[in-house]
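Shared between the two complexes below is subunit A, which pairs with subunit B and subunit C, respectively.
Moving on, here comes the complex of A and B:
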């Protein structure tokens, strides 16, 4: 199948600020409509992508090991981790809630680590393998990106609510900071990656067929 | 020569297309990578402005009223969105309070303010002062506005606490639910059409 022309071949470039097709032939470095700087590809996409992703992986360890919440109920205190929260729901029989939290706090980050790693690795090695599917994978990562903030929101709301002096208090603990950092860093990693890199090796081998 | 605004470049694979008019509920997909190029805009400027003002009112309710109230043995305690941000700001984890404040309070607030500003001028057929800056602001705020995640979080929190205490959802929760859906609808990628309309 023959595809329409590539923007590079036509001397055009997409502006990320407003979505305009900018003409590069005049040597412009900024979009003439919104003024944002235009780049043929995002600068250092692969290096930045890896940097954010590796930082996120490092933070993922304390995020799971350190407690995210400290519960003080009727005089007895306990600390809970993210995994502990899922188990608690599971054992109480609320398997559906356990599943939602499990997906948001373990599933989504794991999928993001794997997918971003795969995208960065294949783009770095100029792979022509499954371009369309990798493109879809990128859009999927973009879509699920921020849902792992769920845990942070739950902890914040629960801790803000349960402040009954004498009966029970819940306080956030440092684990939630690391967990939030993981989410922010993976989002930054996905934003710095340029999905157009997936197709570049295709274009270099002449017109696709 | 076709005008630049008639051309559309796929942001995922750089393929160039000519923009074609779409019918209601239609969207244009990229042939090569399958990504969405653009969707039919079902909102007129008047409708979008009206919804933005509604969003502003909901925003006030979502922030001014408690999201939930808990009760146990006669003691009650309620929390607003700001309380949830504040509880994170104590101790060594302040950074995450900033992320939280941005994602559930400041990003939605700025989105609504910018939309109202840009659209009220667009209604009169003019570009608002600082139009380009506002439009770029709206683009970069979109990924950081996470009210819908907060809504799901509030629901999980209700279920988490319901076994231990009495939990009463507040007006803030209703406003939060409505506002999160509204923002997805009015601050999506289709606001880029404003560049051509005014």
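Moving on, here comes the complex of A and C:
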């Protein structure tokens, strides 16, 4: 295979701000056009990725244990956790809704934890294993990141709409805050990860210098 | 880790700006997260009170994870599980009390299921119609910890800290009284019947009453209790006399007490004192009677018109039924003479 020259090898680096290809050989540390700091790779990507992922994992526990919603219907109040809600729907026969809630609130964060963990681990160990698939995995994680706030949105919407005073009220509870934190932290983790790290070791080994 | 890229050839000339700390500041985020998580766990652990088991006759209205335990309408705990007892004769509800409700896990605490109840004395627990049942609680005076309780089937009429005194009345029958029947003092409701039970020998009933403070000080050693149920009607020389305590006492029955006018100012009765319950106000407030004596009389004349319950009179005093002690002894040894009056 005939690869064109790597930006590294040419001593070039792309500016994040304006897209200008800067010449690193002159010792420049900032973009010579717009002045933005230039990095070859996202700064401290793996450490940041791990830190945010770990924080998200910690918050994932209270997000699932604490009630996310307080429903008060005709004087009888009840607090519902995510798991409790899934079970309730499942037992009521609405297995499809139960499945959606389960996938959106338990499955997706779990997949993200696993995927990010895998990406960070392999990048850290400069693995050349399944680089293409790992890149796809990263794009997938970025994609589902947008949809992870579904639970938070549902609670926020329902709490805003169901305020019928005596008949029924729904209030958010602290669990949903932790759930939101999990989503934000996993997104930060995904953001700080640099997908080019996947290919760095590959480029080293696969290409003659 | 993140800086490893700067070692690569081609970027060799680039000066590397080093941080003052070798450890990235981003690790503050997970540390903060762990601190928050740990504080949550600790707070949750600190707030959790004791777990108690309450056995009820039936689990009606008890839902695990939903039914709350309330004291004065404040939630002090929640039912975590509802299971059948081992002998399958009752239902055991496990209750997680909150930390500040530790005082309810002591001996003498009482628990009952609050359900809507409609009785002649009134309607209670209407709020549970919509919200579902809850468990009412009442603390005891003991400090000894206790983990298992037997739930009451009916709410206790008097809660532990209510001020007042309990008294016991003995009567030949219960009449139309029930738990919750009111007690009147000068036609003011001052208390209620809290319990009744047959005496051990079956020859009467014992009625427990509770008189609230400050009215309990009007119950003196001289006080007489009488049944104020229904309407007392008397037709006498001065016309028809109707006497009743209150409308609700006509329907539900009630008790009244008072002291006879001739009684001296007596000390307030002690808690748990015993009294006799009289059938009506008149007999209650009458001066105390002596021992009843039974006489057998033989008449030579015809007994027409004489029936059971006919009065026996001495100088226009009615003796029968309530012979006065001063008249039962025959004066000066002369033989008493009896005749039937027609």
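The rule is simple: the second predicted complex is superposed on the first by the 185 of 209 C-alpha atoms of A that agree within 3 Å, B and C clash if a C-alpha of one lies under 4 Å from a C-alpha of the other, contacts with A are read in each partner's own complex, and residues count from 1 in each chain.
Keep in mind that, in the parts below, a residue touches a chain if its C-beta (ideal position, glycine included) is under 8 Å from a C-beta of that chain, and two chains touch if they have at least 3 such contacts.
Since we're looking at a predicted model, the values are computed, not measured.
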### Task
In the overlay, answer first, second, both or neither for which of subunit B and subunit C A:180 touches.
first
### Query
What is the contact status of A:30 with respect to subunit B (first) and subunit C (second): first, second, both, or neither?
neither
### Task
Based on the superposed arrangement, let me know which partner A:78 touches: subunit B (first), subunit C (second), both, or neither?
second
### Query
Between subunit B (first) and subunit C (second), which, if any, makes contact with A:8: first, second, both or neither?
both
### Message
Taking the superposition on A as described, I'd like to know which of subunit B and subunit C A:44 touches: first, second, both or neither.
### Response
second
### Task
On the superposed three-chain arrangement, identify whether subunit B or subunit C touches more subunit A residues.
B
### Message
Applying the document's definition of touch, where does A:59 land relative to subunit B and subunit C: first, second, both, or neither?
### Response
second
### Query
Touching A:130 in the superposition: subunit B (first), subunit C (second), both, neither?
neither
### Message
Considering only the contact definition stated at the top, list the common interface residues of subunit A for subunit B and subunit C.
### Response
8, 10, 13, 181
### Query
Across the complex, what residues on subunit A touch subunit B?
1, 3-8, 10, 12-14, 16-23, 33-36, 73, 89, 92, 94, 97, 100-101, 131-132, 135-136, 138-139, 145-147, 149-150, 152-154, 156-164, 166-168, 171-174, 176-177, 180-181, 184, 187, 191, 195-196, 198-199, 203, 208
#### Entry: subunit C residues touching subunit A - in the complex, by the definition given at the top
1-3, 5-6, 8-11, 13-15, 17, 24, 26-27, 29-30, 32-34, 36-37, 40, 65-66, 127, 130-132
#### Entry: Footprint of subunit C on subunit A - complex, ascending
8-11, 13, 24-29, 40-48, 51-52, 54-56, 58-59, 61-62, 66, 74-78, 124, 181, 185, 192, 200, 209
#### Entry: Touch list for subunit B against partner subunit A, complex
4-5, 7-9, 11-17, 31-35, 67-68, 70, 72-73, 75, 77-79, 83-88, 90-93, 95-96, 99-100, 103-104, 132, 135-136, 139, 143-144, 146, 149-150, 152-154, 156-157, 159-161, 163-165, 189, 192, 195
